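Look for chain A in each of the two complexes below; its partner is chain B in the first and chain C in the second.
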Partner chain A sequence: MAGRNSAHGLLVTSPDEDFADNLPGRHRTAKAWQIVLQASTVIGIVVLMALLLNIMDGAFGYAAVQNKVAPETLAVDGIALEDLPKEQLIEILQANVSAGLFRRFESEKPLAERSREEVYDLVVERVVEPEVVGTWPLFELLLHRADVLAEAAEAFPGAEVRFTSWINPQFAVSPQSANPEQAGVRTAILGSLWTIAITIGFAFPLGVGAAIYLEEYATDNRLNRIIQTNINNLAGVPSIIYGMLGLAVFVRLLGSLTSGQVFGLVDPTTANGRTILSAGLTLGLLILPLLIINAQEAIKAVPGSLRQASFGLGATRWQTIWHHVLPNAMPGILTGTILAMSRAIGETAPLVVVGASTFITVDPSGPFSKFTTLPIQIYQWTARPQDEFRNIAAAAILVLLALLLTLNATAVLLRNRYSRRRYS
Partner chain B sequence: MTHSANPLSSNGKYAIEARDLSVYYSDFRAVKGVNLQIERQKISAIIGPSGCGKSTMLRAFNRMNELVPTAWAEGEVLFHGHNVYDPEVDPVQVRRLIGMVFQKPNPFPKSIYENVAWGARINGYKGSMDELVERSLRQAALWEEVKDKLDQSGYSLSGGQQQRLCIARTIAVRPEIILMDEPASALDPIATLKIEDLMRQLAEDYTIIVVTHNMQQAARVSDYTAFFNMDEDRAGYLVEHGPTNELFTKPKDPRTEDYITGRFG
Partner chain C sequence: MQNEATMATSKAALRADAGADVRADVRLALRKRRRPHETVIHGLLFLCGAVSILTTLGIAFGLVQESLSFFTRELWEDANKRLVVEVDAHAGTLQLSSGGLDLEPGAVIRIDDEKMRIVQMESEVLTVERGFQGTEAATHQAGTGLFVSDRVSLIEFFTGTKWNPQIGQFGIWPLVVSTLRTSTIAVLVAMPLGLSVAIYLSEYASSRARSILKPVLEVLSGIPTVVYGYFALMFMTQLLRSLLGADTVQIYNTASAGIVIGILILPLVSSMSEDALSAVPRSLREGAYAMGATKWETAVKVVVPAALSGIAAAFIVSISRAIGETMIVAIAAGAGPNFTLNPFNAAETMTGHIVRISGGDLSYDSIDYNSIFAIGLVLFLMTLGLNVVSQRIVRRFREVYE
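For the complex of A and B:
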């Protein structure tokens, strides 16, 4: 290996005094830099893996579950609770909950009309009342399984200790709840989707439009240079500032608009413009500079020869933009949009300022609903004192990552379809 | 084709004519005081040393210079008796009637068919598009090579074929004049000869103005030649203009003689 391609290797040349004999040194430098670059990549990956493992550690593990009423005692004629028909389950429910509560269930939806599964869930929730009394994270479990089991048996003699995945289908479709076992991220997922839809719907056309203007129409004058500089600087403004802007403009100033009063909607639960619309518009403002800058770069990358060819055939400026510049810039614009969307979906601080609700159990029904989003939900759960909330916070983080991956994958597919349709 | 109300339609003696034309980039004068008459349905070549403003001069004919934000022109370019720089003249219309072929082949990232059809379509062509595409490709001597793969990308063609595709695309919008900016300089010698043959054929229907730094090419292909040079402040100016064989055999100006005999440039 040593001296490959060098005067020290196979090629023996007559010495030339004007050139230093530095080839081994140059190869050493190259090798050293390669190691540095590899090391930075490895460090980055290790840190990301550690983060992911930390989340997994919380999202899976053992839970000691103690039932208020043992399910065995509810068995009728030797038939276990989970095998009982609906009618007997209703009887058990009636016998074990207060009459007032039973009436409330009836008025929400007559029990006779509910499916057996719904009634069974109600019995488990209200009669058996399983409660998580202790949790152990995944790695403690993997490393010291026997210790954990012994500790659990000692501390919670009556409890059933079992492996629990805090992230499960139930978690994804249940609404928020004060009880960590029943709490889910349904409202938060819907809130995030609504918010991001408004964000993109607001920021994408505006950002692309501004980028087209700045690249294709704006002349190089003082005013336009100031605008450009400001856009570049706005991309670096801390997101909490955008939250305050959103609070001042969308919540306070345009409150009647963002709460839907202007459209004749008076929803008493909507607190003064703290709606999905306000949140979406605030995040839209936040990602607007990113979108503009990315779209500008994509438009700049369209070769000038294409524009010239188009103009040379007697095309107007708009025909040139619409038929050549935009289709060729679109993959780049969509890449920028993916990045901006990822940023928006993970934003927490501006939404706290705008006034995200931390505890709502009803699904958002439209742009004028109160809202919560996944990051808000996670933030709020991690602040709770009970251990179980930290477990479901970890689970919610996994849901957020999955949502992010899904949205990004969709955008990437869209972009690839765009690239394939072109001939290049 | 009578457009009597059209400012571009009345006829003059020449296809196009520059009168005391100067072109500037900001305050730099790239071309100064050019008077040049272009004969109808002939090939006129513009030759000269690098940086003498040949391409700038060419682009001044159809206002393509205006795509450079700092460019502006002084003087007149008469086309059908009207100055194309007249504020009432629409540059979009000028560029359809005075088409352009560029140095580097620049087909659109679309199918071969679309490359030819697009310009006609956006200009509101109402006839049969298939016929127009075939006729244009035949005129550009490309039809036989691409007739079975019209839906393939324009980029799938070789460099010479791409350049002929660009010519087909230009003639599909029925220009009167075709400007060619060193159309063969990015091509190999065989592709270059094909382009030159094609230019001779096209000259039966169109007026062609070609910029070239290749004197042999100018001598082979053109009917008229204009020799440009530049002065000390790098502004290009017209030295001599005349029938190609006269300019190359009996140049009137000693600077032309120096250039064509290879003493500078």
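For the complex of A and C:
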């Protein structure tokens, strides 16, 4: 069918070929291929669903929690642990932890000054020591609930099996920890925000400046053509190469600048140039080509008549750009910037190369601090063999996706709001 | 000033014979004024544009410089020979144990911290130039080991099949082969799917279907690669293992990484191809319909050939993207360079290796630090080459209609 008329294309039909007989066959072929095309399109949607479900599967599920010390045994005079007053909780703490550890708690913040909830959390963390001994993902649970419960009861007698949402308010505000039960993404989120702030602060003015130069000033000469080609090529360079650029230039060559030595601001926690500043600048260079190309598109879309009118009234080139071109191109530029920003937030590889910290529990205090970011945290947790860390990796992915979704929704809103503009 | 100029012009028009000095005044008044701050702004904006050039230079400088120190670095290989008799600081000959590596005149050797150059060699007696390259001649005990200077040769780098910098093996092939394998799998997944999606979107889809599909693809392309890495390890690997058996498929394997990279580049292939297909003018399609072609025939025999240059460019760009993809392979493809062709085995790609090595505490000037830049340079040249080729294709083979 398709084979018979493909030799000379469909335009030449030999006189003896029966055209009418052939037609249903050709239509059948067309129909069959249409189904194939639709099927492959559906695959895209299926994959997206699978990805989201897979993350959900990891982020929620059953966890078997085993307490080292049963809370019931800590009850005093028949009052359950959770109802005890602060003074008795402190006594329990003193009786059950080593003297050195107790002194460390006192020196961090005197126990008498802490609130009852803080002391209670400390008792639970250090005395009761709940430990996750086994986890079951969500879908296994939904499909074979009875089996899971039986298996849990058999494998971990004495453990409490309960439904756990690995993503919870506690997860968002706790710092990193070696114990997956207590680990959170607070340091990672703060690190991400600091990094992005520096990235945008660095890349936005440079990118918009370069776009204005290329669209409004540059004449068609060799140098400007090289700059334009170069930007297009940079957009295709793998992100890990930018990481190596950051490592060689920002961390090593400009180490004294990026570690803050030049300003006399050496953060005691800082490891040479592997700081938020280096990370931010590296990501800035990474998104620069993207930002320039987007801003160029936005500036190109401003109608030429606007510029001519401005020139006609005697405005200089810069006055024209500042008062007419930029305000009109701004929504487009901002949309492009937000898209570039969401790319930067999700980047992992260059930051690993630049030297993200593997384990920090203190919040970053400024551009010269050591850093970790949300994607780095996800990578490290995923790379660990224990199931519980995979669970909190899934929870961290949900946090990251929520952040990205917010950003992209903003971009789409901006685009929709300004796309029906005065001159279209 | 401008008012004066206008007045001067009108006066000049009224009294055309007023003479040359009025005309000179007019010329002076209409001359372009100097505006220093406009020039400064122009200069600053040019500098913004020039930053991209600096970035490229920085990449080239960083990669090339560190790669050079990788290839010129002096490595000391244990010759498996020992001093038989103690030598003092002035002795010109060394008595060595037999066996070990063959030494040649001219080679540089090292005993303790002192470097020496071999002048002559007779059986196991070496005549050497002491205190070579500024090192201090010293007394060496009998039984001290001897090391021979060695460098990473380009030939070894590009032909060797073992990569292990710690014991002096520097063949990049295991890494390159793994990269090519994941990329090939990715492309085999992404190209048929991506092109189908593009044809469907541009030729078949109703505007309602498009309004659902386009955002889905945009969401897919906006998901960070580390999330895809999690997906590859937690879903794709499990799927492959349950389909093909846990014996054939290792926990970390290049097949699942490759398939997920294919999913990652799918939106890129489909959106670039769709742009190319949509750029084909409507008249071509209508011409085909008028000749009695079905929709499918129009699509594959008229529209796709007309958009071929754009589609080819999309494919090449996606290959380059697959080669440079890092996090998916770092998470799902496994650690440790492994020279294998089996996609179900663990093997480290170039990008995966760079991430693993630099993830630890990396000290500058170590062989590991230099070696990742050499790998990075190869990676950079590969992707740059592909990108340049795709731009050439678009420029040269673009079919221009009207």
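Basically, the second predicted complex is superposed on the first by the 361 of 424 C-alpha atoms of A that agree within 3 Å, B and C clash if a C-alpha of one lies under 4 Å from a C-alpha of the other, contacts with A are read in each partner's own complex, and residues count from 1 in each chain.
Definition applied: a contact is a pair of C-beta atoms (placed from the backbone, for glycine too) under 8 Å apart; a residue touches a chain by one contact, two chains touch by 3 or more.
Predicted model, so just to flag it, every value in this text is computed and none were measured.
After overlaying the two complexes on the shared chain, residue contacts for A:316 are found with chain B and with chain C alike. Shared-chain residue A:56: touches no atom of chain B or chain C.
Look at A:308: by the touch rule set out above, it reaches chain B but stays clear of chain C.
Looking at the shared chain after the overlay, A:212 reaches chain C, while chain B stays out of its contact range. Of the two partner chains, neither chain B nor chain C is touched by A:298.
More chain A residues lie in contact with C than with the other chain of the pair chain B and chain C.
Look at A:152: by the touch rule set out above, it reaches neither chain B nor chain C.
Once the two complexes are overlaid on the shared chain, A:324 sits against chain B while remaining clear of chain C.
Once the two complexes are laid over each other on the shared chain, residue contacts for A:341 go to neither chain B nor chain C. In the superposition on chain A, chain A positions 314, 316 are in contact with chain B in one complex as well as with chain C in the other. The touching residues of chain A, counted against chain C in their complex, run 6, 9-11, 26-27, 29-30, 33-34, 36-38, 40-41, 43-45, 47-48, 50-51, 54-55, 57-58, 205-210, 212-214, 217-218, 224, 226-227, 229-234, 236-245, 247-249, 252, 285, 288-289, 292, 314, 316-318, 342, 345-349, 352-353, 355, 358, 375, 378-379, 382-383, 390, 393-394, 397, 400-401, 404, 408. Of all residues in chain B, those touching chain A in their complex are 62, 64, 67, 69, 92-93, 95-97, 99-100, 102, 104, 106-111, 118-119, 122-123, 152-156, 166, 169-170, 173. Chain A meets chain B in the complex at residues 219-220, 303, 305-316, 319, 323-324, 328, 422-424. Interface of chain C with chain A (complex): residues 2, 35, 37-38, 41-42, 44-53, 55-56, 58-59, 61-63, 65-66, 192-193, 196-197, 199-201, 204-205, 213, 216-217, 219-220, 222-231, 233-235, 263, 266, 270, 288, 291-297, 301, 317, 320-321, 323-327, 330-331, 351, 354-355, 358-359, 362, 364, 372-373, 376, 379-380, 383-384, 386-388, 391.
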